[in-house]
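In the two complexes that follow, subunit A is the common piece, with subunit B as its partner first and subunit C second.
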Partner chain A sequence: MMRMKCRRYLRLYRVIISQFFKIILQSRVDFFMGLFGFFFSQILGIAFLYLVFEQIPSLQGWTLDQLIFIYGFAQIPRGIDHLFTDNIWMVAWRFVVNGEFDRYMLRPMNILFQIISEKLQPDALGELLVGILLVTRSMIKGIVITDALHTVLFFVSILAGALIYTSIKTFFAALAFWLKVSGPFLQVAYETANFAKYPTEIYAKGIRFMITWVIPFAFVAYLPASFFLKAGGSPVVIGMECGIAAVFCCIAYFVFERGTHVYESAGN
Partner chain B sequence: MIEVSHVTKDFVMPKKYPGLRGAIKGLFSNEKTVKRAVDDISFQIGQGEIVGYIGSNGAGKSTTIKIMTGILSPSDGTCFVAGIDPNRRRKENAQNIGVVFGQRTQLWWDLPLSESFTILKEIYNVSDQAYREQMEFLNQVLELSAFFDKPVRTLSLGQRMRADLGAALLHNPKVLYLDEPTIGLDLVVKDNIRRAIREINEKYKTTVVLTTHDIGDIEELCSRIIIIDEGKKIYDGSLEALKDTYGTKRTLSLEVKQIQKASGFSPAEILGVREEECITELDFENSLLKITFDGHKLQAPQILSTVMNEIEITDIQLKETELAEIVKEIYRHGTEGE
Partner chain C sequence: MKRRIKAYLPFTINELKRQMAYKGAFYLFILVKMFGAFINYYLWMAIYGSTNQNTLGGLTQGEMVIYIFMAYLTGTIVTVSVSNWVSEDVVQGTVAMNLIKPIDYRMSLISRASGDMIYQFLVPSVFIWIGLEIYRAAVPGLPPFSAEKVLFYLVSTVLSFLIYVLFDFCFGMIAFFTTYIFGLMMVKQALIAFLTGQLIPISFFPEAVQRVFDFLPFSSMVYTPVMIYLGKYTGNKLFFMLLRQAAWVVLLYLFGSLIWRKVTKRLVILGG
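And then the complex of A and B:
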């Protein structure tokens, strides 16, 4: 039963996404512009790091190479989430307030699945590409630990990180069911992820507490990244990341599910 | 097939105050206003019925439809469609129903219609054979093949409505909800859509609930109508019974040779009925004598012979009160009762 359901949803995903590709390919210019734009903003981010390090040779004991790894590592889960679940933003900004959400309520499929499967965000390829490039660079430079345990946990961490991103996005988007538009809140929550691209020690206590325990983006980027950088680090940090991913996933899905029951649609 | 009992829906809104100061005040106040969109409505609809659900704008039609389709949850009362509570078991209910909102398409805007149908086939788990058969039937009644390969956004309104109707019927639902299916369409397309709805209802015994402002839809499709006003049900019954109760006024329009002769002429007096049961109007410009009378009290020939005794007539026309006017009348009564 469960397996049949899974297979059906996978098949659906393929059918829906392949339609999406047909549309995307019709507007190739948009596709490349998006890709280029994101790549460009990534390059600016790294240039910023270089500028900072021209002034300060080390930051709380981190070298530039290490910081570049943290930065690059942070891009990967973000890119994965961005690539697959970008349509959730539309719930926060548009679908609920103008009643387009009706459409999803009328189909015999999981609602969140319908929303996610309707779109892939090619802009995310910019983030993924930069992330992979920078991580590869760090591996070549030999500053990352690459034994079997760390390699496996690397992939686990990336998946858990992407899941945390998606959960936070879903949670704040679901607030739209009560607020009509929750885009601004989602925007703020999502932007705090940018803090976690750098070592959290450089921030004031309040911010550090928030990005570690309230909106736990530190567990998506900085904390696991440092596990891969420093010998003797405890794998517990990856375990915690997975735990947080599971808990946030449940909370976000529960809130979203409750939200669909208070959804008020919109008048004609 | 559909059982709605004592359904009420309240929308809670933060209280608004006028002006900029009001807007700021509203930001900090916790006062709420409750708008009751649907107020204790009950009805049952059997399999194969076509029911017109009518009411003025904001009367609560769409809200009721949205409760029955599972989009909205009722604040109070229960609703079952084919034995399923649409709010609790949304996905199962969705498999049983088809929905067309006249003002908003359910199709994928950028995709060719054929691709939309491919996706819907998967979503509703329609087998290849059922798909082929249903497409053949839909093609025949809705003539989809003419624009089957065009993107939805390039379709005309009439084509889009046919496409939407086809999409809602692909999985052969037990219940079809149509929210203003003929809005903005020209007469020929309206006729096509109505015929298609009738054929589907006859072939599959599909239960149809439709809301409309177009009285033509009701007269041609519905055996039963439910009227709501300000969230309350004010009429539920057959179209004939409605006409019988409310539509008893008939108008006799007579073209006369010399209109001057008709001034001061009062058939009510001659026939011995009250003035409001037989009203006379004169139209000097067109030389028309209009007599509106109560169909229960008087017969047209009676009046006609009374008139012909006095005045020379060149043409005669007898008009029944139109449904549109009956509905208007009912709305007036409905609001008077408040």
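And then the complex of A and C:
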């Protein structure tokens, strides 16, 4: 029974996604411009680091190469989440307040699945590209540990990180069921992730606490990234990342599920 | 002249009212933008903590604090995204309505942007500014408050605003050629933050690059007013900088008129 359900959903996902690829092929220029946009803005972030390191040898013990790895590593979970679940933003901005959410309620499919599968965001490939390039660069430079354990945990960490992103997005988007529009809140939460692009030690205690435990983006970027650098870190960090991902996932889904029950159509 | 002001003033006032209406969302956006300033602040503090030098790129740590927040503040006041409005008007076809009205489309956009600018100045900027002045008074070694500098800063900021809006109008013309300018807008935003000095003072760039920037309008948008505020430009240099800003206003205005004429000639609108 469960297996059949899974297979049905997989098949549905394939059908929906293949429709989506047709749309991309129709507007290739848009596709490349979006990709380029994200790629380019990430590259400028790196250029900024280069300029700064013209002036200083290291930043609180971190070298330029290490910071570039952290920066690049942070882009990968962000990019994965951005690629697959971008449509969640629409719940926060439009679907609930315009009553467009009706159509998801009517179909005999999991609602969150419908929303997520409706769209792939090709712009995200720009972020992924930057992330992969910078991580590869760090590997060539030999500053990351690449034994079997670290390699496996690398992929685990990326998946868990993407899940944390998705959960935070779902949670704040679900607030729209009560507030009608929750876009600004989601935006604030999402942008918090930018703090974790740099070592969290540079921030004041309050901010550090917030990005580690309240909106745990430090567990998506800086903390796991520093584990992969030669710092002799403990794999417990990745374990905690997975734990946080699981907990946040459950909370977000619960709140979303609750929200669909209080949803009222805009009526027309 | 009086008639012209009467015709365009409503655009300014409407925009002000619109901003007032969406206060909640507005404050949250301010918060999001402030994040950037705070990340920058902590990053720079760590950078100054990692060096023995007193000044980096010609700025002391105290001056850098002022620089970061003034650059943020100036950036918010100045960068009103006119190209967003242009692309909306083009996609929805309402730009046609603007062509048949007896007003200048660009002037109406600038007036509307002024409303935005005034609001951004009144609501968050003034408070940040007051905070900075207190900081300036509390930290020794910083130049004292001077009404003259503030005055020149304000003049320079208004020029910056005009440069940005006129530039962004030209940028918005791209909307006539492609409907999806989101990607390009991201590029523009990132470039503006980088080249105007919002992210990092221009003095951190290599000499050769700085020479190139002298011939681009970007450093006139944020870097110049903030440096004036910090008292880095005085005497002839100050007037030269203001003159350069004025020259950019004129140049971009003429350039905008040119493309606008070209673009409206080939404009096709669906339906009537």
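In this text, the second predicted complex is superposed on the first by the 267 of 268 C-alpha atoms of A that agree within 3 Å, B and C clash if a C-alpha of one lies under 4 Å from a C-alpha of the other, contacts with A are read in each partner's own complex, and residues count from 1 in each chain.
Here is the rule we use: a residue touches a chain if its C-beta (ideal position, glycine included) is under 8 Å from a C-beta of that chain, and two chains touch if they have at least 3 such contacts.
Here the structure is a predicted model, which means the values were calculated and not measured.
Assess the superposed three-chain arrangement around subunit A: do subunit B and subunit C clash, or do they fit?
Superposition result for subunit B and subunit C: fit.
When the two structures are overlaid on chain A, which partner does A:Phe73 contact: first (subunit B), second (subunit C), both, or neither?
Once the two structures are laid over each other on A, A:Phe73 reaches no partner at all.
Quick check for you: in the superposed arrangement, does A:Pro108 touch first (subunit B), second (subunit C), both or neither?
A:Pro108 sits against subunit B, while subunit C stays out of touch.
Please indicate which partner A:Phe172 is in contact with in the superposed arrangement: first for subunit B, second for subunit C, both, or neither.
It touches nothing on subunit B or subunit C.
Specify the angle subtended at the CA centre of subunit A by the CA centres of subunit B and subunit C, expressed in degrees to the nearest 10.
90
Just subunit B (first), just subunit C (second), both, or neither: which does A:Phe227 touch?
Neither: A:Phe227 stays clear of subunit B and subunit C.
Between subunit C and subunit B, which one touches more residues of subunit A when both complexes sit on the common chain A?
C
Touch check for A:Glu264: first (subunit B), second (subunit C), both, or neither?
In the superposed model, A:Glu264 contacts subunit B only, not subunit C.
Rounded to the nearest angstrom, what is the minimum C-alpha distance from subunit B to subunit C in the superposition?
Nearest C-alpha atoms of the two chains are 8 Å apart.
Which subunit A residues are contacted by subunit C in one complex and by subunit B in the other?
Subunit A residues touching both partners: none found.
For the complex, which residues does subunit B have touching subunit A?
11, 58, 62, 66, 69-73, 87, 90-92, 94-95, 97, 99, 101, 103-104, 106, 108, 110-111, 115, 118-119, 122-125, 179-180
Which residues, counting only subunit C, touch subunit A once they are in their complex?
Its residues touching subunit A are 24-25, 28-29, 31-32, 35-36, 38-39, 42-43, 45-47, 49-51, 53, 56-57, 178-187, 189-191, 193-194, 199-200, 204-206.
Mind listing the subunit A positions that touch subunit B in their complex?
8, 11-12, 15-16, 19, 22-23, 99-100, 102-103, 105-110, 261-265, 267-268
For a test of understanding, state which residues of subunit A touch subunit C in their complex under the given definition.
27, 29-30, 32-38, 40-41, 44, 47-48, 51-52, 54-60, 123, 183-185, 187-188, 191-192, 194-195, 198, 202-204, 207
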